[in-house]
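Both of the next two complexes hold chain A, though its partner changes from chain B to chain C.
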Partner chain A sequence: METITQKNTLKDKVISEFESSKNSLFGNTLLREQAMESFYKQGIPSRKHEEYKYLNIDLILKGDFSLALNKTLDRKQIAHLEILNDAYVITIENGVFIEELSKLQDLPKGLIICSLAKASKDHSSVFEKQYAQSADVNADAFIALNTAMAKDGVFVHVQRNTLIEKPIYIIHVSSAIQNSIINPRNLIVVESNAQVKIIESYETVDSTAKVFNNALTEIVVEESAVVDHYKIQDENNFGYLLNTTQIIQKGKSVFTTHTFTLSGSLVRNNLNIVLDDEGIESNLNGLYLTNENQVVDNHTLVDHRKPKCNSNELYKGIIDGKSTATFNGKIFVRKDAQKTNAFQSNKNILLSDDGTINTKPQLEIYADDVKCSHGTSTGKLDEEKVFYLRARGLSETSAKKLLMHAFASEVVDTIKIDALRDYVEEKISKRFE
Partner chain B sequence: MLSIKNLHASIDGKEILKGINLEVKAGEVHAIMGPNGSGKSTLSAVLAGRSDYEVTEGEVTFNGKNLLELSPEDRAREGVFLAFQYPIEIPGVSNVNFLKTAINEIRAYKGLGPMEAKDFLAMLKEKQKLVELDVKLANRSVNEGFSGGEKKRNEIFQMAMLEPKLAILDETDSGLDIDALRVVANGVNKLKSKENATIVITHYQRLLDYIIPDVVHILYNGKIVKSGPKELALELEERGYDFIKAEAQL
Partner chain C sequence: MANEILEEKINEEYKYGFVTDIEADNAPKGLNEDIIRFISKKKNEPDWMLEYRLKAFRYWLTLEEPHWAHVSYIKPNFQDIIYYSAPKPKKVLNSLDEVDPELLKTFEKLGISIEEQKRLSGVESRIAVDIIMDSVSVKTTFKEVLSEKGIIFCSFGEAVQEHPELVKKYMSTVVPYTDNFYAALNSAVFTDGSFCYIPKGVRCPMELSTYFRINSAGTGQFERTLIIADEDSYVSYLEGCTAPMRDENQLHAAVVELIAHKNAEIKYSTVQNWYPGDKNGKGGIFNFVTKRGVCLEDNSKISWTQVETGSAVTWKYPSVILKGDNSVGEFYSVAVTNNYQQADTGTKMMHLGKNTRSTIISKGISAGFSNNSYRGLVRIAKGATNARNFSQCDSLLMGDKCGAHTFPYIEIKDKTAVVEHEATTSKIGEDQLFYCKQRGIDNEKAIGLIVNGYCKEVLNKLPMEFAVEAQKLLAVSLEGSVG
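After this line comes the complex of A and B, so read on.
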């Protein structure tokens, strides 16, 4: 015992916390134990790890972090985060579903929303069939950590043939007053022929503690379902967000996801989409605006497993200050996936001399009858364009603002919810002030 | 209105303008002609405030103000307009939004509040008609996917919207077919008044059949070597630039 206390590394702390709490956590304890074992084997990735070479996560996680958190939020504190009036709102505080801060009255027939802990009991057949099925604990240490430690999160189940008109809006709030690691977990199951729009936002409220948010959302998109998914990442300067989104798509389904990274000290997105049947369409859009010492790292994986699927990926970034942005886009086209169309584009504007952008497209193609393309570009704001606008009477600042808006608009315009698009546009305008 | 005295300018240490003198009064149309490399585009760039060029000597006053001390936007706000030889495409910035921003910033400079939306729209409609610009083009991103002629027409449309005191048309005729040329020239003529002036920079005399200049200047090797009435342009067309070169060497 003494040696453990002396070492007191984060890994050991996680394990001791796990041992004392595992029997009170929801779901299958055996699954959690396997996940913990996998986490222990993998460890927290350092920069030597190929997939994490631009991140200092092991350094961030030095020092004392708490794993147990209480609820502190009241409705007033999050009022400003409710950007959509007409939505089913779910509040997740420090990884725990808070019913009284959610607005889930009058859910339509065919839509179930409840805490994951509750779903593991009340909706056990769907839960057991889908939970932790597509997010592989051995693929990534943070998936393993989340799977072992997740306390709660939300379960969204859209039953077959159900069309949900109002968006489902999941607000993740960090409110910790001491340095903490949280592991929010969500499971979204959209059954065949159903349609839904889902927004996940990541925010901080009244917190100046370092919070490492290891969030994981699994989305199951069944046959012919249509899902429009948004992530708005807007944590404060003490927020470290590792956000894994694991999607599995079935035949003829359409899944569109949009990732807007507006702030936060460190944001790492692992977005993995498996196209597991024929006739699937996947769209991945992303926009990141970085400044100061921010680090934003987008890793996407599009796994074409079956024939006749289309994927389109567009990520854009504006990098300022001493910030670092990384885009790493992998596309697998497996042997069976003939007639695949896969396109990827990453464009960046570097505003400062001290900013860094790493961009790495990776295409691995094992089928022979496919159309795939990728392109990246990084440049400064075009001085010719700035001059043209100034020659018409625009100040240098407003010329640059207009050009940055124009650059971002290609991604912003893909938002199909008007109120959300207005919100994102306003946030972007503020960033350009 | 515009007074240029002994203007010298260079780029990357190479002198291009070697002592330009030019007086333009309100209500006048001046044509500046010259062979390639004579400094025509440099002159327009220096007047618009492009920072790549360094003015090494001389002065330029515009309605009593030292133009060379003003930023490009303040020159525009004072009423200088440059129609670009190569208008650039700005994807994602709508023509309309861009013009609204420009007009309101010019108004703010003059101490005026923003233009009423309905006045702006009325103006937009009127000027579109004037330069025969397709409504669809006006609503698109600035110059994106426009043909050469459409781009030039869009320059004249912007000029019509911004109502400058001094318009400088930098080789607006280059690459235009005769119909587009007529439309562009027509727009310029309709916008002409006693209060404003135009400088037409061109390589060919053709444009001057449509926009009749009061004075023609011939620019050669960074200097205005000859000025005269509109007939000078015809003579130049007939005899070519070689006679100017020969005269200049005497």
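After this line comes the complex of A and C, so read on.
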């Protein structure tokens, strides 16, 4: 009974906070009200919910969480987070775009970056056309919560035929002195024939309380656009991250995403890609290294709606300590999506006695002229490989380290930005020490 | 071309859809404690069995029907089902001559000639058959031959009367009545089924077999099978199912429990061909079955093989609990769906003991407007050192209006485990067809050849007697589903 009352209090808190603040929030109030209604109906999913089977998210949210949050960092405090020198840096602190902490001088022609709240007024035509179009509030309670409560975030608009050389680097920082829930929201629109690289990172700085980060990024990839997307998740032990990325792709576009989960006490990624036209290519790569009591849950949905598209998915994980890693990938091929090629692979290494791996690679296929496959394997480090290396004079630890590096490198090597690859490699090396 | 052949297939009639004109002794429709008491009394059961039924029934009342499977159907009205239907006249049968000739004709139509089996006694490949019609076991053959070896093979009702200690000891230990909605329902209202006990060190000399047939209209079939293989024993068990064509959906909710002791091996094969409904998806059997085996002690082995071609809706996961060290679990399955059939089937392999191994091979074939799902769980518990699993789930799609799905769940809590899962979905390759046709094999035969090759890994696991039947069934089910 206790859980139920607790859940109600959080729900009620959300509702009362919503009622008092809804008129001051950006965008369409009606949309927010619909989203709130949907959230109320769905509730916070428990383990009985098929999609949250392996995640005790309702237990985490049982504690006392506040929704209002104000704390500002200065530039010095976040300096170490800037891993790329040559990039357009956007800083979002506790779900709010902070211009002073961002580096957006000399934006090239065809690139607009501003706060989402500002975009809802200044760039209303694009905003209204794209905002909350692909993220369905009825599909997931956290999409509904974010859509209802989002205070701000960033708006990135790459206009047609524009090639952006420097990467766009979005840093999400949480810093809290009391337990809180934040709902950052981003909208990225890449018009036809444009090309861009986007990095999103999730970090905690100077936090002494639990922050539940319910982040949602919508990405629209129009005809023949090429988008290279990276997520670096490196929060501290106070960080709970639920990160939804909703992508819609149009004809002949190429979208590649890479998710690196390096730390954070709970990380849940919902990655949904809709292939809404012909000739699309989607690539999904992921690497998760878990330790201690971490919980990492990767959910991906690749929705093939139209014929002649290709999707490739590769997720790898190394699980240590008492951590739990979950991979739940679904390939959905609709009736008309003939000539689809869809591949999915999930590989895991379990290092410790107390770790847990759950994997659920799924195929749901309604078209016959398709080639779809998935594979998953879980095991320990190959004893024979360790022996081979030891026979050549390597110590057991260095042999194992080398093998883990090799295992991870298949995903790390897909990073196309050199500085970022170096950063991730360094992080991984540190983890294996 | 494809359309023509599909059309032909669609128009094909279910060939086991006859009704046998046998007078039946029915209970009134509906379900309440009185009905359960009625069934229990009819079967002359001891009090503990009635208590068990009532406990299960009361628990069932608290449950809701599960809806997580990838199937959709109109919920059966549990008050509109006859829970007990026994073919009349019912008397103790000693030889085949006493069996109702109508019944014998039924079995001849089904292709099981008991007479012939009887005549062939003494020949290597004989089979002992227990026949369950509607809810009651009508005939068990070869009982005498088996009892010489100490093997008990009889109807469940008989076992309750004659071997209550064994039934009491093992029943409900693998599938408790609290397991799920349909297991609870079955525990409350089951009317008969098969019971089999293989004593220590005995290798069962023949295949044991049960044929299930639903005959009366408006009845549900709820049978229970319990097989116990004591230390160092071996048994191969076959199960076949058919039903007449009826417009309404009929419910079949069985429970099968297997128990393998030290060094014992149980091989359980099913050819399921319940009436699948007509080409518009009308009628057909709802097949909601709970099958589970436990490798209780070291070095035991349980192997499930199934060929599923019938039923309007199938919901079935034959599972193995690998409790003993070095125990082995296997699951080989071919599931074919056509027209508006829906199947959500697979297995669960629960690794608890050390050095346990499991293999899952599942082949799904969907045609018409059907949906075919594999749903399987592989769980490696902490302490199940060196557990090994290999799973392969392939789907073949015929036509663009059907669906093939794979939902594997893999949960690993031990670092020494090695678990692999592979799945593919495709259609029959144009190049394969071309290759066959070029060598003078016509389209129809080429498809049969390719599909048979595709399912070979599973069909090979069936006992001889069944393999032939299964291959034929497969050919009939798929005749010209692709052009």
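Keep in mind that, in the parts below, the second predicted complex is superposed on the first by the 424 of 433 C-alpha atoms of A that agree within 3 Å, B and C clash if a C-alpha of one lies under 4 Å from a C-alpha of the other, contacts with A are read in each partner's own complex, and residues count from 1 in each chain.
Following the convention adopted for this analysis, a contact is a pair of C-beta atoms (placed from the backbone, for glycine too) under 8 Å apart; a residue touches a chain by one contact, two chains touch by 3 or more.
Since the structure is predicted, the reported quantities are computational estimates derived from the model, not experimental observations.
Undergrad: May I ask you to decide whether A:Ile198 touches chain B, chain C, both, or neither, giving the answer as first, second, both or neither?
TA: So A:Ile198 meets neither chain B nor chain C here.
Undergrad: After lining up the shared chain so the two structures overlap, which partner does A:Ala406 touch, if you call chain B first and chain C second: first, second, both or neither?
TA: The first partner, chain B, only.
Undergrad: Using the superposition described at the top, determine whether chain B or chain C touches more residues of chain A.
TA: Counting residues of chain A touched by each partner, the higher count goes to C.
Undergrad: Quick one: is A:Leu389 in contact with chain B, with chain C, with both, or with neither? Answer first, second, both or neither.
TA: The answer is first: A:Leu389 touches chain B but not chain C.
Undergrad: With the two complexes superposed on chain A, say which partner A:Lys335 touches: chain B (first), chain C (second), both, or neither.
TA: After superposing on A, A:Lys335 lies in contact with chain C but is clear of chain B.
Undergrad: If we overlay the two complexes on their shared chain A, which of chain B and chain C does A:Gln362 touch? Say first, second, both or neither.
TA: It touches chain C, and chain B stays clear.
Undergrad: Scan A:Val226 for contacts with chain B and chain C and give back first, second, both or neither.
TA: A:Val226: touches no partner chain.
Undergrad: Return first, second, both or neither, reflecting whether A:Val14 touches chain B, chain C, both chains, or no partner chain.
TA: After superposing on A, A:Val14 lies clear of both chain B and chain C.
Undergrad: Per the contact definition in the header, classify A:Leu350: touching chain B only (first), chain C only (second), both, or neither.
TA: A:Leu350: touches chain C, not chain B.
Undergrad: How about chain A: which of its residues touch chain C in the complex?
TA: 50, 335, 338, 348, 350-380
Undergrad: Note which residues of chain A are touching chain B in the complex, please.
TA: Touch list, chain A to chain B: 382, 384-385, 387-396, 398-399, 402-403, 405-407, 409-410.
Undergrad: Residues of chain C touching chain A in their complex?
TA: 68, 70, 382, 395, 397-427
Undergrad: Could you please specify the touching residues of chain B with respect to chain A in the complex?
TA: Interface residues on the chain B side: 48-51, 71-73, 75-77, 81-82, 84, 87-88, 90-93, 97-99, 101-103, 105-106, 109, 141, 158, 162.
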